[in-house]
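Presented below are the structures under discussion, each in the form of structure tokens.
Next, two complexes with chain A in common: one pairs it with chain B, the other with chain C.
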Partner chain A sequence: MARRLLIPLLLCGFLLACVGGETNVAQGNRDGVLHFGNYGEPQGLDPHVVTGVPEHHIIGALFEGLVLKNPETLAIEPGVAESWTVSDDGRIYTFKLRDNARWSNGDEITAADFEWSWWRALQPALASSYVFMYFPIKNAEAYFNRSLSNFDEVGIKAIDKKTFRVELDAPAPYFLQLLDHYALFPVHRPTVEKFGAPDESYTRWTRPENIVSNGPFLLDEWRLFKYLSVKKNPDYWDADKVKLNAIRFYPIDKQTTEERMFRAGQLHRTEEVPIDRIPWYRQNRPEVLKIAPYIGTYLYRLNTRKPHLADVRVRQALSMSVDRRRLIDTVLNGLFTPAYSVVPPGLLGYKPPDVFGFDPDKARQLLSEAGYPGGKGYPGLEIQYNTHEQHRKIAIAIQQMWREELGIDVRLQNKDWKVYLDDETTGNFDASRGGWIGDYVDPNTFMDIWTAASGVNRTGFADEEFDRLVLQIAPNAKDHETRLNTFQQAERLFLEQMPIVPLYTYSSKHLVHPGVKGLSPNYMDYYNFRYVSLEPDASGVTQD
Partner chain B sequence: MEANKHDMSEQEQGSSLWADAWLRLKHNRLALGSLIFLLALVVLCILTPWLAPYGYEQQNLELGATPPSMAHWLGTDVFGRDLLTRLLYGGRVSLMVGFIATAVALLIGVLWGTVAGYLGGRVDMLMMRLVDILYAIPFIIFIILLMVVFGRSMLLLFMAIGAVEWLTMARIVRGQVQGIRQQEYIEAAIAMGLPLSRILWRHVVPNTLGPVIVYATLTIPQVMLLEAFLSFLGLGIQPPQSSWGLLISYGAESMEEYPWLLVFPGLALASTLFALNFLGDGLRDALDPRVAKD
Partner chain C sequence: MVRFIALRLLQAIPVLFVVISATFFLVRQAPGGPFDAEKPVIPAVKRALEAKYNLDQSLWQQYLSYMGDLLQGDLGPSFKYPGWAVQDLIGSGFPVTAELGIYALLIALLIGTTAGVLAALKPNSAQDYVPMSVAMIGICMPTFLLGPLLVLVFGIWLEWLPISGWGDLPGDKILPSITLGAAYAAYVARLSRGGMLEVLSQDYIRTARAKGLPEHVVVLKHALRGGLVPVVAYLGPAFAGLLSGSFVVETIFQIPGLGRFYVQAAFNRDYTMILGTTIFLSTLIVLFNLLSDVIATWMNPRLRDGLRGGSQ
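This part shows the complex of A and B:
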């Protein structure tokens, strides 16, 4: 009898050990440890080298730039710079660094640190992917392209120990926002130089035992494919305001795995929510589902160099015959906002021009004017997209809409990411799925990519008037109002040519445990871990 | 001894191997049932365009994913497309890839293996080393290369899959043939002065059929899944067309929300594979010349 009970008892004990123990979330709420689903394993932690969202979250905890953003309002707040002044012509920024800003090894943070760090980021050999963030600065682009060799002529200058001056080519009202991007963060010169040349990527200086940083948190432990943990920096200038004791970043790139971990109380927050799970959360646990508009536009690029897409009427017909509302409400579970412009509405008060809407009759008429009545004689087109469940779903729905509304033949082609990108860059496509995420809150980030010289234009669209409006008129606009009007004029011009089919404005989707405060959703999906806190008595167990 | 009996029976009744096999197969009810099931499935798939009340690409976005109902017997997918219709259209692709690719593999594999095994010596060495070399090439890369060189077409995809699946078949056949070559009836055939092609076709190949058929029934599901994998990579068929493999892989993505999208395609594939296995088993028994006739 005793032996027959032994195995079931052992099994029960084992199960209890797995299930009955305290969850990460309950323990974290008590100890002030945030468990953060972070999408993927970070490529590295060097602010000037990496790109990508997982790195963004971690580097934002470890380092700090001249300014910060308020996570609620996205307004600029002082960071390492205590205050700053802007010259009347909007071209010269003078920053005063705070006295108590220190590196984690105790060194003072000086203007020379910023000068050296920015010099480093502009080294061509470092090949920083975000180097274009520096290009509003006077001569920065020329220095990066090696057409200028003297760094003294670049508008980056340490005036004295605590004064740092930046000179721009032209006024850029969004410049302060750029300073909060990790590409413009400072790095600790002696540490970087100890482990390699300044323009060498992926050296050992970012290892936990070597790294010196200046943010509210310090790198504690990095276990590949398990987690990366950071702990509170007691020497941070604003350490009193930091409420978390530690954060653990989990690299989970499978949405379904992440969602299951959240349900099991292993995570406080997920990077994504599987789209098919959204209805369940809406119905059963609406309090943890956080959906907010996100500064990005999902679109299809049309290749205007192809003969059957060269006629603007064909492109307009394609765009007008897509029922975005229906697409979003059905296939995409109502998650996004239909887009009829490339700039998402509401960026600093910007109102996109009203150029077109869903109008299948007009679309058919335009197509027949272009010489293809009822789609007759049209050679058909191919939609290419990179292999992904959601892109496929959208493409299937649009394929059918174009077939039904316009009577044209549409083929789908999914491609591996690199092939897809290569075909798009070399112009080997008809219609290609794309998306653009704004780098800062300003219409400019959605407009200057369509200029003729832009590397991500890829549609063959080139319009001198558009380029002039975006590159020359807008930067020199007298005031905010005039500037927005210029952008509106440019966008109208762009949308009338319709080299893209805008489909929807992105949304950020997260699951956030009710005990977490200060992770409020915002337009940039931006986090500032200084503001995050945990409620110790919030229920750690999430009922299923 | 047994071979003798076989020869005698030929003299007695003059019935061929195939007629014998059919007689034996008829008594195997499981195999016969499977055969009928498969034939019915093939006919149904062929007739789908005329039978189905919906088009395979016909969407009803407002309807979305619904469980089985009177209007849609197997339910609909997220685009409101009828699953039964898509399953039957997918069956056309899957069965075609299964049979064509396997037939290609069978043809090349049996031919290659028989020649290599029978001739032996240096020819065998050369031919089998070539097989070894082809084995060493990752087959996905090989297929991708074929597709790049010859362009995308469904028939070509089937042939390409067949062209990489014949290697194992060639090895199995060669092993069999090496054994058969030592048999006395082959010596007798040689002594009677039969031409090589007749020896191979009449006396060697039929004796290898047992393992070949078993392996062929295993190859069919394999190539069906391979097709799904290639399509997923963008090398096979593209939406809105579908195949069982694709229906299953898409169904698996949302199995928690819409289980019927996984269950029915899964059932279709599984029952077809079962039927193929029973039939293959029955055929093997039926075709085995060593089985004594009653």
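This part shows the complex of A and C:
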């Protein structure tokens, strides 16, 4: 009996489903709801605890720091601080907070809120991953490491209700940019303390029913692994300029699923585009494909501790024999820009030094000088990469280039993500795929990672002169020009030692529905949802 | 029967204990830890994190405290999503996976038994070859191929059905259920064909036919019950497999189910989540195997009598 009913029931369900009709995008355009592909489920929403891009997008909608960035130019704009002054020596910043900035429960935002929030972020037990963002501030690192116990000696001070002063160890031209990073956002003290100790992480204060925030949007609904939605905050100080009524963030970690959802009109914007779909979009729907240079470098680390990679000439030969243009054109659908330096060009006017180029003859000569003419006698190399189709394709291409140009034997080793990280960290590799995305627009974010003590280095490269230039000379440089020259000098030294093979500068790639305005691509792939709007009449159906 | 069930449940305890202990120590042998990342946290932060999650203790101490918590029903916080307890995450993912599994199983049974019975009625004819060939394709076609194919045809070309989500848009449960059910339908078809063929050659069926019963009564009333015993025996493991093996379908269709949590937990070295889901799923598998044994016994008079005899 039940079985006899099942077929009609299923058919009914099927037919019912087919009359569904309107897509998310069409509906969203009408109601001002942005459907946003957001890569992964956020680990949490506490600005002082989490890391990661999905969290960044959501927290940027919920909270606001002292300043904001213009999404097109990345220029600094006022946020909670309506104005600020910088002392002549570039070390003391004094912020004037705006009178109409409020928490979502109606409380006024005061300088004391910032002082307490920053004190909280510096508590070691909180284990804030981005705590190093505070370290340009005077004594912040010492206080975090507990070599200093008095917080009064840290350069963070609420002067009065609306005046907040920050003192740095040394001038840091990128300091204002850091203020727009969520690690330096304020949190609402009574709410945090209601659900646990200040230095306790992942308490329930960020749940929708508890959270108090200060950004243009409010947390509305959080359905694990389905979506997280935020709605417009009517009490936000600049609420008149906010055009969206709501944003729904979808945690979609599979690029192909995300791309299909976009094509079916379920998303306005994707976090990624599968690289093999790029030619199709270029040809058929160029208006939705948004590609822009992105502040990141794709590279291979070389393990300088291994005997067969200890000779700098071998490392130089490896780097010079890679035809980056051909790699990008053939394997990567022409998507990225060849990189011959570790700092991408154009960071605050920085010009990377010109140290090497694609030069297979020179590469062979160097290898021969190192004692391996034509690759003879060379023990061979292993390239390790984490499981990903794109990494595999690149590794195969480079394997081929090294074999052809240098005559050396190259093996490929595909590893699970955590195994790959473990082997890289413990130095169990020859050449290892890697990448670095800058935390802010400044050469420093690409340079200080290669100092001897840095956990990102992993190549065995350690050079006192390099460390001195990056950690001491550059921060104390008299002016911008001198500072950039110091970084250039440091990068030249680094590239001459060649502990890495830079391959290309990243591009951000998204699919964006034509009805979305104000989601402009920029170098940081940074969004400010205050500027985003939707066109009600834009077609929601995406035909192909 | 009660004694049979009680005995089986008692046997399950050492099984689960071994599974939990082996999993606990095995996951710790895998290289890499939950807090490793491409942008590593500074050493002081890593130490604070390890202290927070007791990872700074010896492995045995961690094992004992985990088992202690487990006895009190506490699976601990997830390492990857520390704002949520493992039982919260399982609680949010399991109903979704279970619902998907039930739909898939219903589809598998409906399609599978129909095809299998039809094939068995006229063996070695077109009525046999066509459904069995389709079933063979079903077994061979992986879900990661079938899923995107269905999406392409019904979601993107025809625009009939939503292609992702679960319970958000009308009809979004259809494609994932069919995708997951298809492979099992194929197995069910082959099993029911085999079972029916065997039963249809039995004496009692010949008797039924001889006394002039109409063919549909012979098949539906007499043959089916015996012919489907292999299918029923397969149901327990199949449902357990559907629950723990729905990872691919959940990924393709963006479904927030347990299968995805499980596999992601392994990739993330989310120790507590791996253990929690392993414990949960192994308990379920034990229970479903027991259940399908009970049903198979009840359906098969010979086994049923044997059990009754044994327990007297």
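Here is the rule we use: the second predicted complex is superposed on the first by the 524 of 544 C-alpha atoms of A that agree within 3 Å, B and C clash if a C-alpha of one lies under 4 Å from a C-alpha of the other, contacts with A are read in each partner's own complex, and residues count from 1 in each chain.
In this text, contacts are C-beta pairs under 8 Å (C-beta built on N, C-alpha and C of every residue); 3 or more make two chains touch, one makes a residue touch a chain.
Model, not experiment: these values are computed from the prediction.
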**Request:** Please work out whether A:Y93 is in contact with chain B alone, chain C alone, both, or neither, and reply first, second, both or neither.
**Result:** neither
**Message:** Between chain B and chain C, whom does A:K226 touch in the aligned arrangement: first, second, both, or neither?
**Reply:** second
**Item:** Between chain B and chain C, more extensive residue contact with chain A
**Value:** C
**Asked** First (chain B), second (chain C), both or neither: which does A:F175 touch?
**Response** neither
**Prompt:** Is A:R277 contacted by the first partner chain B, the second partner chain C, both or neither?
**Reply:** first
**Request:** Examine A:R392 and indicate which partner it touches, taking first as chain B and second as chain C; both and neither are also allowed.
**Result:** first
**First, second, both or neither for A:Y440, with chain B first and chain C second** = neither
**Asked** Which partner does A:D416 contact after superposing on A: first (chain B), second (chain C), both, neither?
**Response** both
**Asked** In the superposed arrangement, does A:T330 touch chain B (first), chain C (second), both or neither?
**Response** first
**Item:** Contacts of A:Q400 with chain B and chain C, given as first, second, both or neither
**Value:** first
**Message:** Counting contacts the way the document defines them, which residues of chain A are shared by the two interfaces, the one with chain B and the one with chain C?
**Reply:** 416
**Asked** Which of the residues in chain B come into contact with chain A in the complex?
**Response** 57, 59, 61-62, 64, 78-80, 232-234, 238-240, 250, 253-254, 256-258
**Complete:** Listed in rising order, the residues of chain A that touch chain C in the complex are 3, 6-7, 10, 13-14, 16-20, 41, 43-44, 51, 124-129, 131-132, 144-145, 201-204, 206, 223-226, 250, 252, 254, 256-257, 260-261, 263-264, 266, 416-419, 421-423, 425, 434-435, 455-456, 541, 544
**Message:** Going by the contact rule set out above, which residues of chain C touch chain A in the complex?
**Reply:** 30-33, 36-46, 48-49, 52, 77, 80-84, 89, 92-93, 106-107, 110, 148, 151, 155-156, 159-166, 168-172, 174, 251-254, 256, 260-261, 267-269
**Request:** Please give the residue numbers of chain A that touch chain B in the complex, ascending.
**Result:** 276-277, 279-280, 326-327, 330-331, 387, 389, 392-393, 395-397, 399-400, 403, 411-416
